[in-house]
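Both complexes shown next keep chain A, but they swap its partner, so chain B is in the first and chain C is in the second.
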Partner chain A sequence: MNNLHAKTLDIINLNVTLPNGHRLLRDVSLSLEPGEVRALVGESGAGKSMIGKAVLGILPTGISISQGEILLEGTHLNALTPATRRKTIAQTSALIPQDPLTALNPVRKIGPQITDPLTRIHGWTKARALARTRELLDRVHIRNPDRVLNSYPHELSGGMRQRILIAAAFAPSPRLIVADEPTTALDVTVQKEILRLIRELQQETGTGVLFVTHDMGVVAKISQKVTVLFGGRVVEDAPTRDIFENPEHAYTRALIAATPTPNASIEPFRPVPPALIAELHREIQADDDRFSKRAQP
Partner chain B sequence: MVDATYSPRPMRFKVRNLRLWLPLLWIATLIIAAVFAPIFAPHDPLAQDLMLERLPPFFIDGSEPGHLLGTDSLGRDVLSRMIYGARIALFVSVIAAFSTGIFGSTLGLIAGYYGGWWDRVISRLVDIWMAFPPVLFAVLLVAVIGTGLTSVIFAIALIDWTRFARVIRAETMVQAQMDYVDSARIGGARRMATLLSEILPNVLPSIIALLALEMGIAVIVEAILSFVNLSISSDDPTWGSMISEGRGAIHFAWWVLLFPLIALFLTVLSFSTLGEGLKKQFDPVLK
Partner chain C sequence: MLLKTVFVRLLTTAITLFGVAVVVFTLVRVAPGNPISMMLPPGATEEDIAALTALYGFDKSLPHQFMIWIGGVIQGDFGTSITLRQPVDELVLGRLPATLELSLMALLIALALGGLVAVIGARKRSTGTEVGLDLTTGAVLSIPDFLWGLIFVLLFGVLWPVLSISGRVDPRLDIDFTTNFYFFEGLLRGRWDVVSSTFSHMLMPAMSLALPLAAMIAQLLKQNLKEVLNQDYTTLARVRGFSETSVILREALQNAALPTLALVGVQFTFLIGGTVIVERLFAYEGLGNMAIDAVINRDLPLIQGIVLLFAALFTVINLLVDLSYTFLNPRLRNG
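Our next item is the complex of A and B:
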């Protein structure tokens, strides 16, 4: 907004901590160009989702950003008042949540849940918001938009709800979408369709996407860049092609090797070696020691 | 939650309807009796007739035709006093339950959603409050602020708000964790707006269930306070004062105590059953 040439998202040395001082994100830096899809991969607890939550300002109570900068379209989020920050985030970003079953309010009809942000934040008229919503529901192959808009969430299937959430996220044509494992809660056949829809809409609207996942197969299909995380640290950051063809870090190689293939019956499953995990934990410890030294004087 | 839809419909329908309609029937009867008390009551509830004291109800020998449920020790008509007593019982239960509910739920919502200091202060307050024995507290409170209906209502609200605060706080915390609350926030909704439009509708079924339960409790508390003569003046017909008065004559005039007791019992039972039924009725997922 302020700067047309700015990156969609620029995260610089982000540290996110629990109230007891334990760091969940350790000096994470990454950036997202307009229209780019960046995958955030790592195992459970690596901090993938935490990055998205920090960006969107929805960190759980008690967890806070202790250091670092987040620039959204060139705007320093930390420098803004909470109210302006909320508005800036609402105007530029959207979320495709992980679990379609809890992402829609069960006691409200679908229609207003999608159109509310459009009229509230983007200042659209009700008619325009509805027209745009119908258009997007059509794009995600929902046959009877009016019936769906008048339904309660529990009346629809999980796959349908996820498609609705995708439509809702793309409706205001945001500059940034955080997709937080959008396919994890769905079965494999639906997953493929959801991925295709996200990619199609993303290419049409030129939206930058932070795609959180632990599935290397999904990474290969959807992203141009990859950030590999372990224990809240960036292990490797590279274009997707390089990650698969020429992974630099041993952990990245291990992650790729651990991805099941159709030949899984022939090739035995290869988990990440414990020695490597131990090595990574030692690095984290050293990192934390440096961090506390830096914080003390 | 989800598979409730697959259970056979007609059966569920019947059972739930019965649970909803029986209490409603009793409460409707009470409301009609209360509103039209002067029409239904065969006698003046305050009229004494010492010639006709402790007359038994109609199905026992020695009853008078005009006194269907007998008379008490001062010759006042039990049925008329019960009908007028319904007025006070209903008035107290509705006003007290709503004031308790609004006060307690507001604190519960704030504590559950805003967390932090709000939660700490409100939760400690609830802990402290619940350490007092409620009946003793009520008696003490009314003794200090004076007797009367307003005092009774005030006492109920001041004692029982913790019930709402605790339950609604817990439910709010569960709802606040849901992704749709995050989505609303990302969509630019303010905290207060999120609380009112996203979370409140989801905890409303619980509030309604608690309200109905609270109405029953209010009836009991009012009866207790009447029983110890701390509600309105003992001449006024309340179920509690009738029970209190009948207690002395239970061996030879049990009806003075029994009929108001049955009314009290049915009313409390109806309110709590109704609460459960309403909770299901208001929940779109269970519906």
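Our next item is the complex of A and C:
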């Protein structure tokens, strides 16, 4: 907002650390142009969700940013006071969570859960918030929105709740959405629909999306850029087409090879070779040694 | 569905109360000491004792006595107090409002104080403030209600005498109320002299009863809050820009209150049990104080009446706790 030409998101040499000094993210750099979808892929523990949490300021207690910069729409988040940072993040960003079953407050009705942030944080009138909510519920194919707005979460299905959470995320017209494995908790038939809705809404609104996933099949469908992570390090960063057609890093090739295809039943499953994992761990070790030397010259 | 629930509830209540009636009736008669020997002067003859025993029906067999008493109870006649020579139901119901006011005041104080400490503790979790609050609530919890009563008497009755240490209300006040709920009726009638006098008498015993419960609520509610504050919906609320305090109050509190409520229900009945000693300590004219007199004087009908009333009170409280559960948890409604 303060800089029209700024990238939606710019992460520079981000290091996220446990209290004991162990690094969960190691010099991660990536950026997101307005309207771009970037997939963050990697196995469990690769740090892909941690990037989203760091950007949104919701790192778990004890885990903190030890080095590096996060620029949201050109604003240095580190330079802000906690309260201003919270407001800045809320004004520009939103989160589509992983598990729709736990992401809605069980004792509150759906309606206020969507409209509250719009009226109380974004300062909209009640009527405007309600109109926008209805519009988006309609957009994510929820019939009789009035009944849904008056429901409690337990009265709705998982797919319906995820569509509501997508509507809630897009409602304040954010510039950045972090989608944290938004289809993982859903069954396969619903996954496709959810993915399509996110892509459609993203294209209509020109919102930048950080799409966290471990599913290379999803990556191919939704993103323009891909960041491959291993052990909190960026292994490869390239346009999606290049990742699939011409993967540079052996780990990326192994990930793609490990993705089940429709022919999976006749092809044997090919896990990432242990030798490659060992090689990656050696690289991380060397990197950590350099990092600790840098920290105490 | 609802009708069935109500019916089952009423039936279990009736069975519970009957059981309580049997137990208390038997216990007070099996326990040593009897009211007749307390009523007669030294040197009474065997004939005098026999005559008086027959007058009160203590010569009949235990089951026979029970049938007579329970038959009266079902018709609303709880017998006559041996020492006070008045109908038990009048005596007991006359004292009930005093104890109810005291217990409710204590409950309110416990909820407000415990809730506040829990919210502050959750807000300042993993800091020195939380540790300090934990230590404080632990210490408060380890001191029983009657000891708190003595501490308060010493502090605000002796060292800095600002509160009344004895009785329920200033006896010089002219109270022509229709009920014995002096505090509540005083509020409704705008009789601020009565309200402030009862409040000043009630505050110390209420605080004594409330502190241990408040500490318990503070510990449990804080623990539940901390668990809820790790839930995805609270994280989402933070992303949406709500401050931590507002996340706690708007998103977490109601969810955390649910498991706390079960404990509060049970502990509130213990609190009412605690009124017996605390009322005595402050010479507060409630049921508990009357219960102690009744026991000392072996006033069997009065003891039975008081115990039955306490039992009925506990079942009502349990019912209210269950109802508030459905109120707080939408998943239990129309389920």
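Note that in this section the second predicted complex is superposed on the first by the 297 of 297 C-alpha atoms of A that agree within 3 Å, B and C clash if a C-alpha of one lies under 4 Å from a C-alpha of the other, contacts with A are read in each partner's own complex, and residues count from 1 in each chain.
Heads up, the rule we're going with is that a contact is a pair of C-beta atoms (placed from the backbone, for glycine too) under 8 Å apart; a residue touches a chain by one contact, two chains touch by 3 or more.
Quantities reported herein were computed from a predicted structural model and do not represent experimental measurements.
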Exercise for the section: Evaluate whether chain B and chain C can sit on chain A together after superposition, giving fit or clash. Expected result: clash
Practice task
Identify the partner contact of A:S44: answer first if only chain B is touched, second if only chain C is, both if each is, neither if none is.
Solution key: neither
Practice task
Look at A:N105 in the shared chain and tell me whether it touches chain B only, chain C only, both, or neither; answer first, second, both or neither.
Solution key: both
Exercise for the section: Using the superposition on chain A described above, determine whether A:T61 touches chain B (first), chain C (second), both, or neither. Expected result: both
Completion exercise
The clashing stretch of chain C against chain B, among 41-49, 167-175, 185-193 or 239-247, is 239-247
Fill in the blank from the handout: chain A contact set shared between chain B and chain C covers 56-58, 61, 83, 86-87, 89-91, 93-95, 97-99, 102-108, 116-117, 120-121, 152, 154
Problem - chain B partner contacts - residues on chain A that touch it in the complex - result: 56-58, 61, 83, 86-87, 89-91, 93-95, 97-99, 102-108, 113, 116-117, 120-121, 152, 154, 168
Exercise for the section: Would you tell me which residues of chain C are touching chain A in their complex? Expected result: 125-126, 231-233, 235-243, 250-251, 254-255, 328-331
Completion exercise
Contacts from chain B onto chain A in the complex sit at residues 2, 115-116, 178-180, 182-190, 197-198, 201-202, 204, 284-285
Exercise for the section: Mind listing the chain A positions that touch chain C in their complex? Expected result: 56-58, 61-62, 83, 86-87, 89-91, 93-95, 97-99, 102-108, 116-117, 120-121, 152, 154
